[in-house]
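In what comes next, chain A is part of two complexes: it sits with chain B in the first one and with chain C in the second one.
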Partner chain A sequence: MRREPPQTLGDYLPLLFPAAMLTIFFVVPFGTMIAVSFFQRQQGGFYTPAFVFDNYARFLSVFFGGVLGFSLMLAVIVAICCVMLALPFTYMLTRMARKVQVVWLVALLSILSLSEVIIGFAWSTLFSRTAGITNILVALGIMEQAKALTPSFGAVLTGMVYQAFPYTVLVLFPALVRLDPTLTEAARTLGASPLKAFFTVVVPALRNTITATLIMVFIFALGSYLLPQLLGRPQHWTLSVLITDQAIYQSNMPFAAAMAVFLVLVTLGLVALTVIAGRKGEAA
Partner chain B sequence: MTSIFRKAYFFLIGLFLSLPLIVVAGVSVNQKQTLAFPPQGFSLSWYGEIFLNPEWRNALFASVTLAVLSAALAVAIALPLSWFLWRRIAPWANIFQLLGVAPFTLPPVITALGMLTFWATVGFYGQPWTAVVSHAIFFVTLPLVTLSLGFTSIDRSLVEAASTMGADERTIFRTVVLPLILPYIVSGYAFAFVLSLNEYIVAYMTVGFTVETLPIKIFNALRYGYTPTMASVTVLFVTTAAVIFSLVARFGDLPKLLGAMSSDGK
Partner chain C sequence: MSGLALQNVVKEFGAFRAVNNVDLTVPHGTFVCMLGPSGCGKTTLLRMIAGLDLPTGGAIRLDGEDITRVPTHKRNLGMVFQSLALFPHLTVGENIAYPLRIRGVAKEEQKKRVDELLAMIHLSGYADRPVAKLSGGQRQRVAIARALSISPKLFLLDEPLSALDAKLREAMQVELRQLQQKLGITTIVVTHDQREAMTMADTVVVMSGGEIRQAASPIEIYRRPADSFVADFIGQTNLLEVQADSAGRAEVLGHVVPGLSLPAGSNKGTLSVRPEDVHLTAPGAGSLTGKVTFVRDLGGTIETFVDIAGHQIVAVSTPRARPDVSVGQEVGIALTPDVCVVLKK
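Let's turn to the complex of A and B:
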C-alpha cells in the first residue's frame, strides 16, 4: 500500500482526535498565556482582562536585567561544561561493545527521567553537613570538620550539570554513532595519537553537531526551575524559578505569563540566531 | 595507556552520576529519623513507610494513577497521528507533529504556566483529571518520536502484499501494522510513564493544591523538614526507572530507539 493523499473526508478521521487534543490543550493554553500576559493584575491574586504593557514594562529594571543575565550565563556555563564532559564520553561509548552501551544508556535514561525535586534533594543531601561528602573527607583525614557546601553557586552548577549531562550524551549519541570510523583510523595510521586524532579529526568533523548540542543543552538548562532554588541562594534564582515564584507564591499571573512569553522569545531568538550563524559559516 | 585513560574517565563519570544516589541510598537505611551518612544502624522501615504511612501511600497511588492514565492518553494521541503521517501524503499535517514536539522542547515552566492559565480560565483548575490531560500533552512527544521511528522501519511491501491479497485497511492495520509497531507503542508508553511519574512542575501548577503526587510530596517534605522516607522514595524511583528502561532494552533495540540507526538503515 503506497502513501496516497487523503481522498475522502473519512480518510482524515484518524487525524481528528490528535489534532483536536493538541489544538485545544496546547495551542489554546499557549494563547491563553499570551493573553494573560497583557491582563491587569488585581490585588489578591486575580486578574482582569485588559490590554496593558505594564507586565512587560517591569522587565526594564535592574533586578530583572540581573536575573536574566544570570540565567543566560548559568545556562551557557552548564552547556559548555556538559558538552566538554559528554563529548569524549559519548565518543568512547559508541566505540564500546553493544552490551556495555546498553547498560550505560539505561543508567543515563534513568537519571535523565529523575524529577528535579529528587536531583535537588540528592545533591542537597550530598552537600549537607550531616550526610554530605565532607563526612567522607573527614573520615579519610583530608578535612578537619564536616561542613555544608550548599547553598552556593558551585552547588547550583553541579546539580544542573548532573541533570543535563545524560541529556547531552543522548543528544550527541546518534551523531557519534554515525561518525565514519575510517576517519580516525586514517589519522591513527598516519601516526596521530588517539588524543590528537580525537581533537584534530573527530571534533572538527562534528562542529555543527557540537553547536547544535550546545544550543539544545542551553535551552534545557534554561528550563531548570527547582535546582537554583533548592541548591542556591536567592541571587542564584533564574528566570524559570522567578516565573514559578510569581505564578504560585506571589499570585501574579500576568507578570509570570509575561516573563514566560519573554522566555519563549529569548529561546526561539537564540535558536534562530545560531541557525543563521551556522548557515553563514557553511557559506563562507 | 588510552585504555587506562578511558577506564579512569568512565569511572569518574560513573562516580559523578552515582554518588548522590549512593548517599541517598545510605540515608534511606538509617535506623532513626536522621539524615546521616554513613547511615547509623540499618533499617528498611523507611521503605515500609512508603506503603504504610497513608500520606506517602496516597501520594504513590496518585502518582502511579496519573502516570498510567496520562501515558495511555499520550499514546492514544500519538498513534493515529503518526499512522496518518505514514499512510497519507499530507504535508500540512506535519504541523501537528511539530505541535506534539513543542511542549517537550520548550522550557517546562512554559507548558506548566500555559496549562495553569488555561484550566483557571475554563474553570476546571484543580480537578485531578486536568493533570492527566496536561501530562499527556506534555509527554506526547515521546510516543510520537518512537512511533514515527517505528513506522519508518515498516517494510511497505509487506503492507502491499496484504493489500494485494484482498485485506482491507482495517485488517491490514490489525494483522500487519499493529504487530510490527507494538514494540514502539510499548517503549513510547514506557518513556511517557516514567517521565510522568517523576514530573513536578506541570503537576504542581495544575493540581498542586488538591492532589499530592510523589514529587510534590517530596518537595513539600523538603520545605518542612527532612525524613528518610524521601530517600527511600528516591531509591524506589531510580530503581523503577532502571527496571523499566532495562525491559525496554531487553525487548527492544535501545540504541536504535535513541537514534542510532542500524547499519543497513539510513
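Let's turn to the complex of A and C:
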C-alpha cells in the first residue's frame, strides 16, 4: 500500500484530537512544572512567579546527589534482575503448550491488577518475623529462629522486581514467540549445548528487544515511591519519595518540581546513552 | 560397519505412529534422498537421525556406534533446515564460523576455514555481509557451508531447496550433488520433489505412512517399482488391472498380453507402464484398442490421452515420433512385456 503524505488541512483533522489531548494533559502540566521549578518559594506553602535557580542549586548537595544515585542504581538493578529472570522464563513459556501459556499469562496479568500498596503490605507480612517466610524455614529446621527480613534493601528489591516482572514478561513474550525455533535447533546440530545455544543465539538475536525491555523496566522502577517506604529504611528511599515528601508534606512545590525535572533529564540522558551504545554495538 | 544404520526405528506421537519399524543402511559416502508425500514420516526420521527427536523404539548407529541417545550437539553432524535458520545477528562469515567458534577453534584457523568454504560455495569476499542482504540462493549456499564447516560425519538436509524458484532449484540440485561427490560425505536429504531425488541420489528411499516402501537406486525405482504406490509416486505411470484367464495367461482389460507373467502365486496384479513406453498403433494392431480423448502438445513432448473401456492411458511421444492421431479417433496400444511391470496387488 502506498502512503500519501497529508495534502489538505482536512487530512490533518484526525490528528487534531490526540494532539489536543496530548497538549492539555501532558504538555501543559509538564510546562507548568518546568515553570514552577524556577519560581520563588514563599514560607507557608506558596510560591511567587520568578526566575531563580535556587531550587536547582539546593538540589546539588551531597544528600540529594546520594539519593539520586541510589534511585538510579536501584532502578538499574531492578531492570537487570527482571530481565535476567524473565528472559529464560518467557523463553521456556513460549515453548510450552498453548494452554499452559494462557494459564501463566493470566496469572501474570492478575499480578498487574494488584496495587502497589497491596504488593507492599503483602511482602512486608511475608518478610515479617511473626508471620513471615522465615517461620517456614524454622519449621523445616533450616533456620534457628524466625527473623524479620524487612525493612531492608533486599526487601525493597524483591517487592519491586515482583511488581515489574509481569511487565517484563509481557514485553518479551511477543519477540520470543516470533523467534524462529529452528534457530536453536540449528545451533544444537552445529554443536552447541542447549544452554550454549540460548546464550549464543537466543540472547544475541534478541539484543534490541532486551535493551528496550531494560529501558522500560528501568523507567518503571524509577517512579516507584511506595515500596521503598513500605519495605525499606529511610536510606532506601528513592528520589520519588523525596519529591512526594517535598510536594505534599513540606509544601515546597518549586523544589519538588525542580527535582522532578532533574530526574526526567537524567532519565532521558541515560536512555539516550543506552540507545547510542546499542547503535554503536550494532555497527561494530 | 562404516556408515549409518537405522534398526527397527519407531516414533510414536501419542497413539499416532509417525515412523513404523524403519530399517535402513546407508554406507559411508552415499547420497540418500528420502522421498514421500507430506506426513509420511520422512522429516521425523531425519530429526531422529539428528537427535532433535528421540525414537520411541529401535536404534540408530553411526560407524558402528549406537548414537540413539547421544544428544544432538555431540553427534558432529551438519544440518540444513527448510527455513535455513541462518543466525540473523551474525554475518555470513560468523554464521559459517559458528560451529568452529562453539568448539573453541583458534581465530586464525576459523578465518582460514571460512575463506575455504566461501570459495567452495562461490561466495568469496562475502564474509562480512549481513545474512539479510543475501539473495535466496546465496543464503542457501551459506546454510550449506555452515553445516559443512566442521567436516561432519553426516550431512542432513530437510527440504533444503523448497524456498527457491524452479530454475534456481534445478541448478542447486546439480551443485549440491557435485559438492557431495567432491567431499565424499554421507548425505541424507528429505524431499517431496521426486525430480530432486532422481537428480541427486545414489539411493532413493520412498516412504509412505511411516514405512519404507522401497529403497533402491533412482533408475531401479523408476524401472522396477516395488508396488503401485511407488510406481505412481515416482514419475508418471499408467496403472491397469491384470488378471489370470482360465488358461493362466495374463489378461489386461479382457485382452491377453503374450509374454506377460503374473506375480508368483497370485492370479491378480497391477500393471504399470510408463507413458513413454506406450506405443500407439493402428486400431486392432496393438494389444488394446481405445479412443483418443485429448492431445496435449507441449512442443518438446506430446501427450496423448486414450480411453479404453473407462480406463485412461497416457502415451508420451517425442515430436519426431509424432503420432498421427486426433481426438475421437480409434487407436491401438501396443503393450510389450519388456516395458511392463506387474506389481503385487
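Simple rule for what comes next: the second predicted complex is superposed on the first by the 261 of 284 C-alpha atoms of A that agree within 3 Å, B and C clash if a C-alpha of one lies under 4 Å from a C-alpha of the other, contacts with A are read in each partner's own complex, and residues count from 1 in each chain.
The rule we apply is simple: a contact is a pair of C-beta atoms (placed from the backbone, for glycine too) under 8 Å apart; a residue touches a chain by one contact, two chains touch by 3 or more.
Remember, it's a predicted structure, so these values are computed and weren't measured experimentally.
One more residue to check, A:Ala257. First (chain B), second (chain C), both or neither?
A:Ala257 sits against chain B, while chain C stays out of touch.
Is A:Leu222 touching the first partner chain B, the second partner chain C, both, or neither of them?
Touch partner of A:Leu222: chain B, not chain C.
Touching A:Val201, do we find chain B (first), chain C (second), both, or neither?
The answer is second: A:Val201 touches chain C but not chain B.
Once the shared chain is lined up, is A:Pro14 touching chain B (first), chain C (second), both, or neither of them?
A:Pro14 contacts chain B only, not chain C.
When the two structures are overlaid on chain A, which partner does A:Gly269 contact: first (chain B), second (chain C), both, or neither?
In the superposition, A:Gly269 contacts neither chain B nor chain C.
Quick one: is A:Tyr162 in contact with chain B, with chain C, with both, or with neither? Answer first, second, both or neither.
first
Compare chain B and chain C by how many residues of chain A each one touches, and report the one with more.
Chain A has more residues touched by B than by the other partner.
Per the contact definition in the header, classify A:Leu109: touching chain B only (first), chain C only (second), both, or neither.
Touch status of A:Leu109: first partner only.
Touching chain B in one complex and chain C in the other: list those residues of chain A.
194
For the complex, which residues does chain A have touching chain B?
Per the stated touch rule, the residues are 1-6, 11, 14-15, 17-19, 21-23, 25-30, 32-33, 36, 85, 88-89, 92, 94, 98, 101-102, 105-111, 113-126, 128, 130-133, 135, 139, 162, 165-166, 170, 173-174, 177-178, 194-195, 219, 222-223, 225-226, 230, 240, 243-244, 247-248, 253, 256-257, 260, 263-264, 267.
Applying the document's contact rule, which stretches of chain C touch chain A when the two form their complex?
Going by the criterion above, the answer is residues 50-52, 71-73, 75-79, 81-83, 85, 87-90, 98-99, 101-103, 146-147, 150, 156.
Quick check on the complex: what are the chain A residues that touch chain C?
180, 182-183, 185-194, 196-197, 200-201, 204-205, 207
Which residues of chain B touch chain A in the complex?
2, 6, 9-10, 13, 16-17, 19-21, 23-24, 26-27, 34-38, 76-78, 80-81, 83-84, 86-90, 93, 96, 99-100, 102-103, 105-118, 120-121, 133-134, 136-137, 140, 156, 159-160, 162-163, 172, 191, 194-195, 197-201, 204-205, 208, 215-216, 218-219, 222, 230-231, 234, 237-238, 241-242, 245-246, 249, 254-255, 258-261
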